[in-house]
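What follows is chain A paired twice: with chain B in the first complex and chain C in the second.
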Partner chain A sequence: MAVGKNYLVGVFEDPDVVLDSIKSVRDSGVKIHEVFSPHAIHGIDDYLGYKQSRLPIASFFYGITGTALALFTIYWMLGFDWPMIIGGKDFVSLPPFIPVTFEFTVLLAAHGMVLTFFIVSDLKPWAKPLVFDARCTDDKYIMAIDLGANQKSKEEINKMLSDSGASEVNEKNFK
Partner chain B sequence: MTISDERFDFTASAKKKLAITIVVGILLLLAGIYLDIASTSHDGGHATLQTTVTNDLVAFNGDNTEQAAGEHGETATWLKRLYTDLWINNVFFAGLGLIGLFFVTLQYVTQSAWSTGFLRVPTAMANWLPIAGVLMLGVFFLGKYDLFHWTHDYLYIEGTPEFDKLLNGKKAFLNEPFFLARMIVFFGGWTLFFYYIKKRIFAEDIEEPGVKRWKEIRAASAWFIVFFGYSTSIGAWDWVMSIDPHWFSTLFGWYVFSSWWVSGLALIALIVIILKENGYLSIVTENHLHDLGKFVFGFTIFWAYLWFSQYLLIYYANIPEETVYYIQRLTTDQYRPVFFINLFINFVFPFIFLMTRDSKRKLATMKVAAVVIIIGHWLDFWLMVTPGVMKYDGGIGFMEIGTALIYLGAFLWVTLSNLSKHSLIAKNHPTLEESLHHHI
Partner chain C sequence: MQVSSPIREPLIHGGKTMHDVSEDICRQVEAKPSKGWMAGFAVSLAILGIGSISVGALLWDGIGVWGLNKTVGWAWDITNFVWWVGIGHAGTLISAVLLLFRQKWRMSINRAAEAMTIFAVICALMFPGLHMGRLWLGFYWALPLPNTFGSLWVNFNSPLLWDVFAITTYFTVSLVFWYVGLIPDFATIRDRAKSKVSRAIYGGLAMGWMGGAKDWSRYESVSLILAGLATPLVLSVHTIVSMDFATSVIPGWHTTIFPPYFVAGAIFSGFAMVLTLMIVTRKLFKLEDYITIGHIELMNIVIIVTGSIVGIAYITEFFIAWYSGVPGEQYAFINRATGPYWWAYACMMTANVISPQLFWIKKIRTSIVSTFVISIIVNIGMWFERFVIVVTSLHRDFLPSSWAMFYPTIHDVGVFLFSIGFFLTAYLLFSKYFPVINMAEVKSILKSDGEKE
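And then the complex of A and B:
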C-alpha cells in the first residue's frame, strides 16, 4: 500500500442517489470523510450527521466584544481622557455613541466570523486542497471515504458504494 | 405528502372563547369608565401636573383647547380617553389587516414560494380592512375635536388670540375635507385591491391548475405595493402624527409602517402556530416557521433602527418644536416607564430571545415572542397617540385593556370566520409544490 493517506472515492450522477448512499454507508458503520457537490444540496448536513455550526455563538461573542470595546473607548476618550463639548451635549452622552458602537459591533462580529471560518476550515493561503475528483466542480457528486479511519476492508466499502448507486469507484492517495 | 382539501373549522368552542374575550373587554371598559368618572368627580376636573414641566411646554403643546373651550364645550375625561383608546385600536388593527394584504402581495411580487402553505392566513386577516375603514370614519366624526387639535375652526381666524400661525401654514394639507378624502381613498383603495385579489385567489381553487390567476394577482400586487408605500406613509402622518399637529418627523411614515409590519408578521406567526397546535396546516413545518421568525427578528431590528434614528436626530438637533415630543414622553410619570418598556419589549427582548436558530423553529418559543411583540407594538401605538390627546391624564387601565380585548376578539373573529369559508391550502397555487419542499 502506498505511503500517505488512502481514500476510496465514489462518483455519483444524481444528488438524490448520493443522499441515499450516504444513508446506507453511514448505517453500516462506515465513516465518510467528505462529500463534494457542484451545488448546495438541501438537507445533506442532516444525512451526514453534521452538528449545527457553532460559528453563530462565536460571532455573538465577537459582537459583544465590539460593543464593549467601542463603548469603553468612546467613554474613556470623550468622557475622561480628552473631554470635548460637541453640539452642546454632555461629555458623556449615550445617544451619539450608539451608531459607532453599532458599527464596531458589526465590524468585529463580521471579521471575527470570517477569520474563524478560515481557520476552522483550514483555508490558509498556502493550504494545499485535497482534490479527490475534479469533476465535482462540473456535474458529478463525489463521496470520499478515508480507508485509514475505517475498520472495513477496501473491497467491502467498494462494493457498498457500487451497490448504493456509484457509477464508478476510484482509489486516491495523497502523500 | 397528500394535499387534502384541508378546511379550518371555526368551532363553537373557538367562537365561545372569542365571545368571552369581547365580553370581558366590554366589562373592563365599563369598569374603567366607572372608575374614571368616580375619580374625576372627586378631585374636580383635571388631574394636576405630576412633574416639573414648564408652563411654556404646556402652552406649546397647543393646550389652548381649554381656554377656548366655550366653542365646543369641555369633553369629560373618560369620554376623551375612550376616543383615544378607540383611535389607538383603530389604527393598530387597521394596520394588522393591511399587513395581511401587504404580506400576500409581497409574496406574489417577489415570486416567493416558501410562504404559499400558509398564505390563506394573511389573506383572511385583510378582511378587517373595510370594517376598519368604517370604524376610523365613525370615531373621527365622534371625537375629532378631542383627538385632533387642528380640527378647531378658531385656530385659523387671524387676529384672534387663538390664531395659530403654524397650523394656518399647514392648512393646505391638514384640513378636514382633504383629510377625509385621503382616508376614504386609502381605505377604499386597499379594500378594492383586496377584493380584486381575493376573488382571484379563491377562483384558482376551483379552476384548472395553471398560472393565469397567479399572473393576474402578481400584476395587481405590484400596483398595490406602490399604492401601499404612499398610502401608509401619508396615513401615518394623518392618523398618528397630526395628533401632535405642531410636531413633525420626516421618517414617521416608516416608523409607523415598521411597527405595523413587525406586529403583523408576529400575528401571522401566532395564528399559524395556533392552527398547527390544533392539528391544522401540517404542511407548514419548522422550516417555514424559521423563515417567519427571521422576518420577525429582522424587522424588530428595523423598527429599533427607525426608533433610534428618529430619537437621535431630534436629540442632537435640539429644536424645541421637535424635542417637545420626547419631553412629553420622557419627563412625565405617566409615560416615562412605558417609553423604556416599549424599547425593551420591542427590541431588547425579541433581539436576544429570537437570536438562536432553535427559538425561531420551535412553536412554544415563537409563540411567546409573537405575543410579546404584538403587545409591545400596541404599547408603541399607545405611546404615539395618548400623550398628544390626553396630556397628563393618560394611563393604561381597565379602559385600555378592555378596548384592546374587544378589538382583538372582533379582529380574530373576522379573520377566523373568513378562514373557515375556504380551503386552508391553496391547492392549485403554482408554487405550492415548492413550498412543500422548503428546507433551510
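And then the complex of A and C:
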C-alpha cells in the first residue's frame, strides 16, 4: 500500500455508523486508505470492496505439501533406505503411516498459513505501523483517508465524514 | 407476524462499554501484583522447587529412582502423561470446536483455557522426556534424524512415534492459535502502556497490529482455518494416545473402544480443570461480569455429557470382556474391580461416574462452591482412571510367578509435583502479564448482546 503524508482521520463510536459512512464516502468517489477497529466487524470487507482473503487456499497447498512430503519420506526411509522386518509385517503398508502423515499435513498447513499471514499483514516484532489514532485498539473506529490520493478538497471530505456520523475529524500528517 | 426467539441472558453482565472491557481486563496487567496472586505464586514456586529435587535425582541416577519394577514397567509416568494431555484438550476444544459451532459464550473463557492447554501439554511432554532418562538425547531418538546407525530410521509403524508427531503438532498449533488471538489484545495493552519498557515489550508482542480492516479480514480467515485444522487434530491426539495402549496385546488395553473413550475422558477432565482455574481466576481478578454463572453452568453441562460417555465406556468394557469369552480379558477386568487395586477402581468410579451426575440438579450446577469441589473430584478421578488402566492391566502378568504390586517412591511423587508446580507457576504468570480474556472478541459481542437487555 502506497504511503501518503497527509491524512484526514474520522473517529466513530459505533460499528454500524462506520459501515454506513464507508458506503456514503465510497459512493461519492473518495478512496479510503483503511478503517481501523478494536474488533472484527462482520461484512466490512464488502463495504470496503475487499476481496476475500486467499490465505485458506495457501493453507491448502501447504497442507498437501505436508501430505506428500510425509508419505514420500516414510516410504523412502522404511521401504528403500533401510527396510526392516517389524513383527513380520510388510516393509511398507499405508494404514500405519496415516497418523504421522495427517499430523504433518496439519503442521505445515497451520504454520505455513500463520507465517504467510504475518508476512502479508507485515506483522513483525520490530514493525513500526502508522498510528492514525491509538484509540482504535480501545473503543473507537477510525477511518483514514489519504488526501494525496483523492481529488476532493480537505473541507469537502471533512464535511462528508461529519455528516455521516463521525464524532471527530482530525488531520494527521506523517513526515 | 414477527417471530422473536426468547430473550437470552446477556453473555457479559454489568452493561459494559468497550472502554470498560479494556479497563477491566488490562487492570491486573498494569497494576502491581495483588497479595492473593503473590501468595499463590509463592506456593507454586515452592511446589516447583520441591519437585525439582526429584527431577534432579532422576536425571542424575536414572529412572531407577522410580518405583517401577520388571512387571509394572509403566506407572505414574504414563499416568501423568495421559492425565496432562487429557487436561490439555479443553482449550482447543473450547476455542476451535465452539468457534466452528458459533458458540459465543466461548469468548470469555477461550484465552485462559488455551493457555492452560499449552502449559498442560508442556507438563505432559515432560514425562516421556524424563522417562527416556537422558532428556538431551530425546530429539535424536524420537525424530527421524540422520544418524550413524545406518541410517536406522525411527519406526513409523509404532503408536509411540505417532504420539511424538501428534503431541508436538498439537503443542505448536495450539501455541500459534493462542498467539494469533493474543495479538490484537497486546496492541490494546501497548497503546495504553505508560512506561517505556512495557510499551516496548507489548509493542514487540503485538508485532505492529493496528486493527486495519484488511488485517481483521485475514485474522478471521486464519482463525477459522486454524479452528478447522485444530478440531480433527485435537481428536487425533487423544486417539493416538489411546493407541499406545490399544495396539498392544495386554488384556485390559487391547480394546477398540479406547479412542472415543479416551477422547471423551480428555474433554471431561479438561473441562474440569478449566472450571477449577476459572473459578479461582474470576475471583482473584474480579471478572464476575465476564465469567458468569451462565458460563459455569454451560461448562457443567459439557461435564455431564462427557462424564456420562465415560461412564458408559467403563460399563461397555466390562460387558465386552465378558462377551468376548476370552478368560485373560475377563480376568483383567474382574481383577480391576475386585483385586488388590479395588480401591483405585472404586475411587475412579465414584469420582468420574457418580459425581458429575449431581450436575443434573440445577442448584448444584449453578453453585460456585459445589462446581469447584466437583471439578477437583473429577480431576482426581481422571488421574485414577489412567492409573487403573495402566497398573491393574500390568501388575498381574501372564506368568503368575511374575505378579507384582507397584509402590510409588518419593521421586514418583516428586516428579508429579514438579509438573503441578510448573503448571501453576506458568498459569499464574500468564494470568498476571497477559490479558486473561480475549478483549477483542468480547468487544465484538457487546453490542448485539446489549440490545437484548
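Criterion: the second predicted complex is superposed on the first by the 171 of 175 C-alpha atoms of A that agree within 3 Å, B and C clash if a C-alpha of one lies under 4 Å from a C-alpha of the other, contacts with A are read in each partner's own complex, and residues count from 1 in each chain.
Everything below uses one rule, namely that contacts are C-beta pairs under 8 Å (C-beta built on N, C-alpha and C of every residue); 3 or more make two chains touch, one makes a residue touch a chain.
Given the structure is predicted, the values throughout are model-derived calculations rather than measurements.
Quick check for you: in the superposed arrangement, does A:G43 touch first (chain B), second (chain C), both or neither?
In the superposition, A:G43 contacts chain B only.
Looking at the overlay, what does A:H111 touch: chain B (first), chain C (second), both, or neither?
second
Considering only the touch criterion stated at the top, classify A:P56 as touching first (chain B), second (chain C), both, or neither.
A:P56 sits against chain B and chain C alike.
Compare chain B and chain C by how many residues of chain A each one touches, and report the one with more.
When the residues of chain A touched by each partner are counted, C comes out ahead.
Counting only touches as set out at the top, which of chain B and chain C does A:P99 meet: first, second, both, neither?
Once the two structures are laid over each other on A, A:P99 reaches both partners.
Regarding the shared-chain residue A:S121, is it in contact with chain B (first), chain C (second), both, or neither?
Touch status of A:S121: second partner only.
Let me test your reading of the model: by the given contact rule, A:G88 touches which partner, first (chain B), second (chain C), both or neither?
Once the two structures are laid over each other on A, A:G88 reaches chain B alone.
With the touch criterion stated at the top, can you tell me which chain A residues are shared between the chain B interface and the chain C interface?
Touching chain B and chain C on chain A: residues 52, 56, 87, 89, 96, 99.
Which bits of chain B are touching chain A when the two form their complex?
Touching chain A: residues 308, 311-312, 315-316, 318, 355-357, 437, 439-440 of chain B.
Write out the stretch or stretches of chain A touching chain C in their complex.
Residue list for chain A touching chain C: 14-15, 34-41, 44-45, 48, 50, 52-53, 55-56, 59, 73-74, 77-78, 81-82, 84, 86-87, 89, 96-97, 99-100, 102-104, 106-107, 109-111, 113-114, 117-118, 120-132, 134-139.
If we count contacts the way the header does, which residues on chain A are in touch with chain B in the complex?
42-43, 52, 56, 60, 87-89, 95-96, 98-99
Within their complex, state which residues of chain C touch chain A.
17-19, 22, 144, 150-153, 155-157, 159, 161-162, 165-166, 168-169, 172-173, 176-177, 180, 183-184, 187-188, 190-192, 204-205, 207-222, 224-226, 229-230, 232-233, 236, 240, 243, 439-441, 443-444, 447
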